[in-house]
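My questions will all concern the structure given below.
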Amino acid sequence: MMLMEEKFDYSTEATKRVAVPADTYQQLSQFLYHEARLLDTRQWDAWLKLWTPDGMYWIPRSRDQQSPYDALSLCWDDDVLRRVRMRILDSPRRWSQQPRSYASRLIGNVTVDGTDSDGCLLVRSVIHMTEWRRETMFHRAGSCVHKLVADGDSWKIKLKRVDLIDCDGAYEAIELYM
Amino acid sequence: MMLMEEKFDYSTEATKRVAVPADTYQQLSQFLYHEARLLDTRQWDAWLKLWTPDGMYWIPRSRDQQSPYDALSLCWDDDVLRRVRMRILDSPRRWSQQPRSYASRLIGNVTVDGTDSDGCLLVRSVIHMTEWRRETMFHRAGSCVHKLVADGDSWKIKLKRVDLIDCDGAYEAIELYM
Amino acid sequence: MMLMEEKFDYSTEATKRVAVPADTYQQLSQFLYHEARLLDTRQWDAWLKLWTPDGMYWIPRSRDQQSPYDALSLCWDDDVLRRVRMRILDSPRRWSQQPRSYASRLIGNVTVDGTDSDGCLLVRSVIHMTEWRRETMFHRAGSCVHKLVADGDSWKIKLKRVDLIDCDGAYEAIELYM
Amino acid sequence: MPYSKEQIGALVRPDSVNKSIYTDPELFKLEMQRIYGRIWVYVGHDSQVPNVGDYHATMIGDQDVVMVRADDGKVHVLYNRCPHKGAMVVPEGNGCAGKFFRCPYHGWTFRLNGHHLAAPMKLGLEGTRFDPASPEFSMRELARVDSYRGFVFASQAADGIPLPEFLGGARSSLDNFCDRAPEGEVVASKNVFRVIQRANWKVFYENLNDTMHARVTHESAIQAARDEVKAEGLEQMPLRLHIMENNGQPYEFWEKLKLVAFDHGHSYMEGIFDPGSIKKDPISHAHYQTLIDAYGEKRALEILSENRHNTIIYGSGSPHTVFQQFRIIRPLSVDRTLIEIQVFRLKGAPEEVYRRALMYCNVINSPASAVMPDDLEVYFRCQMGNRTRGGEWVSQHRYAGTDKPIDGGLVAINGTSELPMRNQFNAWKQYMLAAA
Amino acid sequence: MPYSKEQIGALVRPDSVNKSIYTDPELFKLEMQRIYGRIWVYVGHDSQVPNVGDYHATMIGDQDVVMVRADDGKVHVLYNRCPHKGAMVVPEGNGCAGKFFRCPYHGWTFRLNGHHLAAPMKLGLEGTRFDPASPEFSMRELARVDSYRGFVFASQAADGIPLPEFLGGARSSLDNFCDRAPEGEVVASKNVFRVIQRANWKVFYENLNDTMHARVTHESAIQAARDEVKAEGLEQMPLRLHIMENNGQPYEFWEKLKLVAFDHGHSYMEGIFDPGSIKKDPISHAHYQTLIDAYGEKRALEILSENRHNTIIYGSGSPHTVFQQFRIIRPLSVDRTLIEIQVFRLKGAPEEVYRRALMYCNVINSPASAVMPDDLEVYFRCQMGNRTRGGEWVSQHRYAGTDKPIDGGLVAINGTSELPMRNQFNAWKQYMLAAA
Amino acid sequence: MPYSKEQIGALVRPDSVNKSIYTDPELFKLEMQRIYGRIWVYVGHDSQVPNVGDYHATMIGDQDVVMVRADDGKVHVLYNRCPHKGAMVVPEGNGCAGKFFRCPYHGWTFRLNGHHLAAPMKLGLEGTRFDPASPEFSMRELARVDSYRGFVFASQAADGIPLPEFLGGARSSLDNFCDRAPEGEVVASKNVFRVIQRANWKVFYENLNDTMHARVTHESAIQAARDEVKAEGLEQMPLRLHIMENNGQPYEFWEKLKLVAFDHGHSYMEGIFDPGSIKKDPISHAHYQTLIDAYGEKRALEILSENRHNTIIYGSGSPHTVFQQFRIIRPLSVDRTLIEIQVFRLKGAPEEVYRRALMYCNVINSPASAVMPDDLEVYFRCQMGNRTRGGEWVSQHRYAGTDKPIDGGLVAINGTSELPMRNQFNAWKQYMLAAA
């Protein structure tokens, strides 16, 4: 299980620079916008399909956190936990979603960093997410790395790492993925 | 009058996908940025000229609101109301603009959804607007659909719909268009 | 010294429109994203190298401020002050950075305005910066103009002007450049 | 610093009130007990909970309550609190509880009238002082609940006058509101506006019949409407501009309006616009036709001729009969108030009548409207100014001493009289002293 | 409105407490003095400050304190205040002060035990009442500091029972916590979760041994785990789902759990899951092996068989022995609490045991987890509901009157008993009255 | 909990003050009455309202006031409150009222000195107690307004010493400030900095003449300036670095500075830098020349030789003569203060002198500067630390008991003396007791 075993390559440093053509860059941007839109509009199933089966979703708890295995993470979720979260969000008995949270994810500063040793594409972006629940706005901001595997004329997400500027802060419930 | 009569096509679902060339996409993005800049910099007249005469500005009050005719909307403004708002914003007797509001509109995640049944282009974006008045910051965030009609080498806005994440929240005065 | 002598051209109005090719626009965007990333990740030295030796960093204190010489500015920093700020931010004795501030800068609405009378490129953008310190989020939003000088296949910053929507507001300490 | 009867009495003079009434948090706490804790307060409309189990969770003063349609078909109003650990049983807003309430913490259940239904593993409670029949183990119902033509009110005090007596002359507005529906009933719209006012709640009540403010406060919208008509060369002012511009009527217009005040703080002012002549305007005409069909021509005309602008039901808010809305006024703190605005369909009337009401509300009452922001601004300015030492009293002198008694109230001799404000504070004083 | 002894006494009944206990800011202030100002409170773990000069700045009740490793090798706890102008000497969080503390304002220095070291330009202080030897010119040390197996506690009162006596039966949990390490010691992880609860701090303590809430509060996670297993056709529930799903055990399961309460408000409940059989599960097996090597087979088995879920150390928080965590509970205000969650490595145990603890914490305790948000929601709902007039009392009737005395405490006759809550408030009352 | 005279007296000792002075909201309320409600407080500069009708809306203590140039050509200070419903008549900030004030709510108008001018439809007020001549129906003027060389002060108390007597020895700083202008007058810049300090207002006053903090608090900026000079191989420290680096002078430097304290809490310290020798530095030289032209060489030299760093005018803020600024200190709450920083042009002096003042302010006082943030941090740390039980007293022992009386004040025997702080709290005590 990826949650505890260190087989998975969770590094996000590019080992090789690559020049992507303009239209690829454009498609990558659209891929990220599309992902954000699926989350904004609660299209969980479509969002889940963006992932490789072994893909991991990571929100570190520390700045420059080196590993999900030696310290706490806000999220270190494999496919099972991703699906479970989506089931929960749709549950009529999720008390903490009564009333529901709504969010808007603005993705910007999209940059192609290069590829990792497996040839996965590393795409970096900035995410500002504004979330609303019970008359309160929450702001989440940070940088994102998507590790992408080519899949036909699109990609699948192998790793998504979100480094929040307040990753080590105190939080009320975090209900939604970023 | 569009405010009460259901002649106007306020739907925002694309009935047809279209592939726009890279430079059209670029121009569309610039069109949206330009619109935002006109509002940020209080160039009301230029902004009013971006619209078709029958264009409608819509901020629904409910999530997934189906119609402006069966429930309240924060804004459902035709050309007359748009012009009146701009007159008011410039009035020296607009007490609620003493001191003035200032805002910055960040437009991102620009996506071309397709065309509607009239062949209008449907462009979706995310808007995060930060507003400042009387030592207080207000955050408005949501998604936007522009329904655009070709106009020479640019476009006119036939419908702008802004779905705020807190559309059903409690508000202090909303002075500015998004 | 630029801080007090009016030799420096701090105007940000384009005197000439220019059409930049799509890939130049793309490179300019990446240049701005890169700048933001260097600041987000505290790579001060690399950031300092983005500037021309006579480059000025300006955050006006008034709306539509005409000059840095006739009224206060939040920042009006030459190379010396830029370098000193970075030294300070890294100092173990900067009490106001214990704990440290972290920020995420989202750059959007990138637009090429044209060139000034010296042929410098004027690039306008919107910046939303979310900053975190001591369990508190600060939001800074406004528009940016970069005055750029060509430098090989990239650019150097001759002037960066940031107009905050709350430029005349009351502030707690502003530790970071935008 | 507890207030004595004398001190409270001294806050209200026949022609002015002490500014601390708007700014002192201690007085606000007392109001929550002596006014909102006792008098009849509007909770919501019958049509918001059409089916058994439907609920509307809201607040009365500082109390979280839930209005619910129980199995007896009646609307009940309960405190939104589970008697086990005290959890709010339903979240704020609207929903359907199903056949019974179930607390999300440990699953205690309650009948829709609040009565204890079951606690899981009851055995553990046997032999203890737990008693399912005791109100201590139920969701408690508010002391009194009643409704008037579908408008549901509740009182937290077991004693006191009945609802119809409390409403007094203000009933006529609710009557006319419903009579305007050919079927005699109204239905609340799906959504509402909720507007935050950074000022004391009483400021809003005072404003509702304040005819002197319209020309001044709303000058920017009045002028913009006029300029627009001129610039566009329009022959007549379209309705959406008229409803803004009408605030700019000359003082003579306002002076002629009828102002009627009732006991308990209520009042109303005469209508300031006719949404459209029943002869010429197609919407009004169609509406009129449905009323004729329902009531006959004489009664139909009578109903539509009763043209009122804001009615005040003190402690509850303001129904507007002509544009079918109810503005609920909820005090949040001494300097913060929530205004909730409901729009209603008139059962049996043409859909256009409802659309016109929506349009009115969008243009006038939306927090994004041309009109509301200037009101909010001056309210806030009052709240701020009344913190200063620039004077102790808030003036209500206009036509003070000239009010004429009528049955159950007073009538002003001039439409610009500050009678409604004096009437409100007279009631305020009585409430605050009666319960002392 | 100062509370009399009688008034405080009347807030706690044998089977229920007055809701004002959760909502009255005056009582919160008194708690800061009479409970957090007096009893032993957990400050942090020894391993957080491994080297001389290392500090951990945190809070005890409403007091900023700093836990520091001094040159004597011991851990000291000081108020984080410079005696000159009162500046916090170190910022919140962790760091190393070096050989001594130095105030950032004027550079006064203090030994790591807080004693005055030097003020610049001492001459200016000569001939004045300034006295470097007086505690008035040092960083003041808390009245008492002690530790139990590496867990450091401090008390702000010079008098009172010693730490081991205060911990009483709860010591056995800390013992088992450390015994699970082959080297008998645990080491705090580098980072912690910090979760804000918009509710009174006592609500969290009550929840920790509240076996009746699990099935109801966590139903969405329970069901999602079950649905996932079914949808994916898994043969057995993976551990990461099991720890969610296990909350859904039938009531019979919870009834059988042992609940033990100790004097001073402490308690524990029996373990609700075995992280894995020492026979079949490779991690548990490897752990077991290291324990056998360290202690021999009998003792190893004994240690692992002591399977406890949450232990409560009243005023400090909750150690969890099986998943090696300590949840520190910090009251922030009457309706706001910070939960800080530490995870520990067991010295000498396989790294996988630590990873499993991380995994448990990520999945259960993270603010972004499947479980925590629902708890936070019901706590908030309690805080809200207890503002209403919907009832005066919070019920703890379950199995009231049936608790059996044991040495230094009580044991419940049923695992769903509300004994731990009654025990907490019994202690609360004693604390609040003793110091009155 | 009302404070008795004895209790207030006991808060201030000759060499230390009780920390509650910074943290108790009750004392803050009393300060608003007894200090800010009575003494002369700086409102703004004459040049901010050059023309009739120009106003500057600001606060004195907790009171919204407006400084306005009336038709008599004089500056008046009014409470910003309409006597009708209490609305703030003008919004915060600067503007021009035109020929009279007009309230945005109902259009009552007031002459620029606040006197009632007209209420619309006056007839409705006739026969009532409304009286346009009564102050109850005007914008009330503050009890006393006076100015000193263009600096406008107001007092809310009708009785008390006149402004010049209140300013006492601090007048010499305002004199030198203006004398530095060849025309003897200064003009406020168009904009100001406004900085929020999360600490009590008195902390800022104490800091202004606190020579002992500079080396320590500002070490990062001092070192950075030095490193920059070294790294860039500069031959001399440019002025923009010098003004940072100068804080790093050795203690001997600070010891030699003159510290003069005056009655009523005022004081000043000697200048810490010469912006540039009048011989070598071109800007200083040019300035000197204009002064010679205006005053003659002797007086010019005398004026420029009067080199002072921060002057304190207690309750108002701090003028800085050499860099032509006035830092206004506005208490917002017990733990929050607004610092507003004005820069001035010297009439008749070269524009470069003004630009140098801007540069100084940008580099030293901007919230984004190298210097200000560290001050704000230590102030906040004091506010936090003084919440703890880590000590009751804040020390002002440095050179306590050695102060030498001069006419109308005291002078320190050493530049690092805490005399200015002792002097402030001595005045504080007198204010707080006098008005009790």
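Think of it as A, B, C, D, E and F in the order they're written, each chain with its own count starting at 1.
Here is the rule we use: a residue touches a chain if its C-beta (ideal position, glycine included) is under 8 Å from a C-beta of that chain, and two chains touch if they have at least 3 such contacts.
Note that this is a predicted model, so its numbers are computed, not measured.
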Handout entry: Number of steps on the shortest touching-chain route linking subunit A and subunit F
Key = 2
Fill in the blank from the handout: Output for shared partners of subunit B and subunit C reads A, F
Handout entry: Furthest chain, CA centroid comparison against subunit C
Key = D
Exercise for the section: For the Cα fit of subunit A against subunit B, please give the angle of the superposing rotation, nearest 5 degrees. Expected result: 120
Handout entry: Pair joined by the larger number of C-beta contacts - C-E, B-D
Key = B-D
Problem - Chain at maximum distance from subunit B, centres defined as averaged CA atoms - result: E
Exercise for the section: Please report how many Å separate the Cα centroid of subunit C from that of subunit D, as a whole number. Expected result: 51
Problem - Interchain centroid distance [CA atoms averaged], subunit D/subunit F, Å - result: 48
Problem - Centre distance in Å when subunit C and subunit F are each reduced to the mean of their C-alpha atoms - result: 32
Practice task
Among the residues of subunit C, pick out those that touch two or more other chains and give their numbers.
Solution key: 22, 93, 95, 98, 106, 108, 128, 139, 169-170
Handout entry: subunit E, residues touching no fewer than two other chains
Key = 91, 104, 217, 374, 377-378, 381
Completion exercise
Listed by label, touching pairs are A-B, A-C, A-D, A-E, B-C, B-D, B-F, C-E, C-F, D-E, D-F, E-F
Completion exercise
The residues of subunit C that touch subunit B in their complex are 22, 25, 63, 106, 108-111, 124, 126, 128, 139, 141-143, 165-166, 169-170
Practice task
Provide the residue numbers of subunit E that touch subunit A in the complex, in ascending order.
Solution key: 189-198, 217, 219-221, 223-225, 227-228, 231-232, 238-241, 244, 338, 341, 343, 352, 355-356, 358-359, 361-363, 366-368, 370, 372-374, 376-378, 381
Handout entry: For the subunit B and subunit F complex, residues of the former touching the latter
Key = 93, 95, 98-99, 134
Handout entry: Contacting residues of subunit C [partner subunit F, same complex]
Key = 1, 3-4, 59, 61-62, 68-76, 80-81, 83-85, 87-88, 91, 93-96, 98, 168-175
Fill in the blank from the handout: Per the touch rule, the subunit E residues reaching subunit D in their complex are 15, 19, 22, 203, 206, 210, 212-213, 215-217, 251, 255, 374, 377-378, 381-382, 384-391, 393-395, 397-402, 414, 416-417
